[in-house]
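Two complexes come next, and they have one chain in common, chain A, joined by chain B in the first and chain C in the second.
Now for the complex of A and B:
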């Protein structure tokens, strides 16, 4: 009983219950949806979102926001696709992608952590710059003809689940443990929860901000490798809107934008919900054009519900504290009277 | 005389708006020398047609920023307004004037919905307006499915008098859009800087709790700023539909970033409590002329994001760095000419 209560009190619980309910309801309407093949396809389709959301979660933990990962993903996807097309080795390609992420992350981090530019402005600016650079790089053309063996990387797997998704989940669990159990991992949420407090405790606040932006951008560029492998071509607008989708995934997964609250498991489930919506719409017989409408409604509903519940909880806690205090006061008065 | 100059200089220095005006003049001169065609009044004023929606929305969105919020949904409201006009006129056969009125009401309602959640549930404005941008752009697609034409074609064939009012040029030079923009900017200026309501908006941004204790209904004020922003977006949608002569659901989808850039470049703080209509309007013009001038000089449209983004980052980084004590101290120590100045 206690474990159930503990589970329900956790932040990611809402999104997990929501995901299960969603799958069950859609499964009742259209039973083909909950066949294992289709669920595996849903999971595989969530790989890019999941990686982006994990990166984004680091930044949101520290109380900042990164609106530049869409462009980062686009640029490094273009670079990866051209390199793979020209027959460069796989490891070199990944290395170059990571370097792109590293550079963009460092610029973002430098602006936000050192120069103290508000993160939303800094990353919006960098987003448009990087987007422009990717236009310059591709010359406005599509990058096509990605070799077949590279595309097959995302198809291979075990029992319909691709290695890439399994790898993502393993990395996610490792990051979850790192954030929950190690001292350095706790810094991220400590900084996001109370920046002044963290400074007074002697935590490396600037460094933590910087690292979170670097991790976020590197995650985006790693996601681009998966993106190229799954989609097989890159347009100049590839990755547009991924920043918003990643933020939405994090928020749906119970990560608070004010920083310090939430965890990686939530982000993963949030990403899964985001990726499943368009598929669910198709299975329910709607056009997948309504994808955005549903995403918007979902985002607003979950966030508002969460805020209202939180407000009620704090009110309740306050009232309990107040009544407890008045009781002790009354008791002490009685004791005093007897003496 | 010297004192007077000094006074003038100090007054001059602290007005960001003067800098923006100077920037516009420099832009016009630079682009004019690069391409003399740019200086023709007809071309110069005609360029406003390309970025009028950024100007209109930026002027009203600074209200939202002053209360400490952010609005990411204006771009999608532009598309929603545009497609609503098209569908109401073509499919339902409502007159174009009534369709515009309904579109403005819908824009206000969209703003009010998001504003309501932001003001009354204390969720971060960014999340709600992000969700709003998804929701309204999705609704726009849903509305466009109600018409019989394909979404990518859009609805066209509007009556002459509707498309003509944005193509009219006063004195043969100034497009009516410029006048619409100036009129809206003046209205916004009066609302924000000359009324009690405007002062309350500022107080909400500076210190919301203090505003509440002084008897201001902060929730309504915050909500109203989003309504203004949604209304401006629907004005922009109408102007855009009229000028382009067709209505599409994806109009304005790429406007969000330029609008935010314009508002911030105009000296409005994202933390709230600081900013103004004049700055936002001028900054929108700065961005618009820069985009237009570069594209006239042969820079491809897709590269225009680079200078605008760079401008945003550099301006904000410079202005925050100038307030940073450490950097100031460093400059003071290492730049000797500053010593000389202070010695005198």
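Now for the complex of A and C:
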């Protein structure tokens, strides 16, 4: 009984319940939606979002935000697509993609952690620079003719579930364990939870911020490999809006934008919800054009609720502290005012 | 622990070393820009000693603690820990040497459990740490649910977590920065019990406090800091409260020094312009006082006594918990800030940079922004703005190159004058000045005092909040003192002197006439 209660109280639980409820309701309206084929398609379709959300979770954990992963994914995807089209080896392609992520992540991290630029400004700026680079790189044209064998990588799997999604889940579990069980993993949470407190204990605050941005950008560039394999072509605007999806996935998965709360499991379920929305719309007979609006509404609802609670808690704590001062006198009756 | 005299002779800097000396601070000096904050500090702490460190605002306590914790580096002087000289400049090394600072506001990670909060930042395995932590708790006989989230802890419990962080690091010396400032009476009792436990374990403690009665209750030794020097240091039993208060006062106090000869208001024929009846809020309780027209009422007290909270609550920035505030006949209790200003109260905030000025605005903007309604219905009338800004620049002798000079480029004193000008432009009946001369140099200070006196002569009422007793003594017609959120004394003109005010602010004033007990 206690374990169940503990489980329900966990933040990621809300997203799991929400996901199940969503599937059941849609399934009641249109039973084809909950057939295993379709569910597998939903899961496979969530691979790119999931990888992005895992990276984003690191940044949000530390109390920052990364609005540049859309462009990072786009540029990296364009490079990956040209390389595989030109017959470059797979490993080299992935390596180059990772390097792109690494460089962008280091720039973001340097700006935010060392130069103390607000992360939203820094990463929006980098987003537009990187997007510009990908226009220059592709000459504004689509990158097509991705070889068939590369496209098939995302189709292979077991029982309808692609290897790529399975791999993503395994990596996610590994990262979850790293964050929950190791001392380095704790730093991410600690820095986001109370940066002054982390400094006070001598934790490497700057380094933790820097690494979180690097991980986030590298995740986006790894996601681009899956992206190219699944979609098969890259346009100059590929990846546009993915930063919003990843942020929404994290927030819906119970990761607080003020930092320090949540975990990877939540982010994974959040990404699945994000990926399912456009499919659900189609199954319910709506246009998938509503996709972004619904994502936005979900995101804003949760963020507003979070902000209100946060404000109430800090205000309550401040007032309790102040009230404690007067209580001392009331109880001990040290002196009487002689007004 | 037998009584030991730690410092025989402070003046020539020689200390008597004991084998159990944990920390030894030698002739530490530190300046920020041209401002010398520490002027040669000598201090020793031994095993099992509780050294109470007392000092007013800006005495240099926090700077000294930060130097001990290797957060700042001293200009000259040495620190020895366990006989070895400290050369590091990293807080982490200070912790490794066995020192731990418990900050005034505990710095926990609210979303982590108690155990995670304590063991984060260690290099050992969590399993070993858990065992050590459980052993430590058993040894001390403390009880604590390690799985609770830190955000559910009371301040006292949070402090306990901070103490455990230090003890688990095998700290030999704990620095407690005003640990009781946010504790209730019962919590203070249990904290003292804990300190006694630690004393028995031979841990040295530096206990920073504003409360003199605590010194006699918990400390073995006491040191008083004033203006970057230690004025008094030795075993507690050698001192009385009066001696401690003397240590806090400047050596050459000319009592009742009146720089400004101004006549007292004729209280008999006046009706109060502003009164508080049983006014309560967050940080203060049951406040009653009247302010009369043309009077400067001083409000003295130490940091955390609730003065600023009282002022901001009157000003509509926080909720009122009980009681009434009247301005003239009008009940202004719980009004919004805009309404309070409209009714005729204005407030000069304590933190000028944060709350007082619009840094990147010019003088004209900073002067007129409080009374924009008078400057036209939709379009601003810049001619009027210019005229009245000029008027205040002349009246208050604000030194500027022109109205378009940015306020951020002015000195602190001139910035403060602009803030006062803005407030006068709203035509208030009562002006609340919160620490009006903080961070202002001596000559500008004189100017601000002249302005305050002029205001009084013009019939404005002034509520002057200050931690600077000299300032209060010089300016006030009457003084009330606040202590732990309540008003504990009222002084008429004849009784206003630094000695009385300091005693009352620290809660140890004895009214000789009435023989009231404390």
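Throughout what follows, the second predicted complex is superposed on the first by the 300 of 339 C-alpha atoms of A that agree within 3 Å, B and C clash if a C-alpha of one lies under 4 Å from a C-alpha of the other, contacts with A are read in each partner's own complex, and residues count from 1 in each chain.
Going forward, a contact is a pair of C-beta atoms (placed from the backbone, for glycine too) under 8 Å apart; a residue touches a chain by one contact, two chains touch by 3 or more.
As the structure is a prediction and not an experimental result, all values here were calculated from the model.
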| item | value |
| --- | --- |
| Which of chain B and chain C A:325 touches, first, second, both or neither | second |
| Partner chain in contact with A:193 - chain B first, chain C second, else both or neither | second |
| Which of chain B and chain C A:299 touches, first, second, both or neither | first |
| Which of chain B and chain C A:12 touches, first, second, both or neither | neither |
| Contacts of A:202 with chain B and chain C, given as first, second, both or neither | second |
| Touching partner for A:183 - first (chain B), second (chain C), both, neither | second |
| Which of chain B and chain C A:66 touches, first, second, both or neither | neither |
| Contact residues common to both interfaces of chain A (with chain B and with chain C) | none |
| Residue numbers on chain A that touch chain B, as the complex places them | 65, 111, 115-118, 120-122, 124-129, 131-133, 135-136, 140, 236, 244, 247-248, 251, 257-258, 287, 289-300, 303-304, 307-308, 311 |
| Contacting residues of chain A [partner chain C, same complex] | 181, 183, 186-187, 189-190, 193-194, 196-198, 200-203, 260-261, 313, 318-332, 334-339 |
| Touch list for chain C against partner chain A, complex | 90-92, 95, 101, 103, 105, 107-112, 116, 120-123, 126, 151, 154-155, 165, 180-188, 213, 280, 282-286, 288-289, 304, 306, 309, 483-490, 507, 511, 514, 516, 518 |
| Complex contact set, residues of chain B against chain A | 70, 72, 117, 121-124, 126-128, 130-139, 141-142, 145, 151, 257, 260-261, 264, 270-271, 300, 302-306, 308-310, 312-313, 316-317, 320-321, 324 |
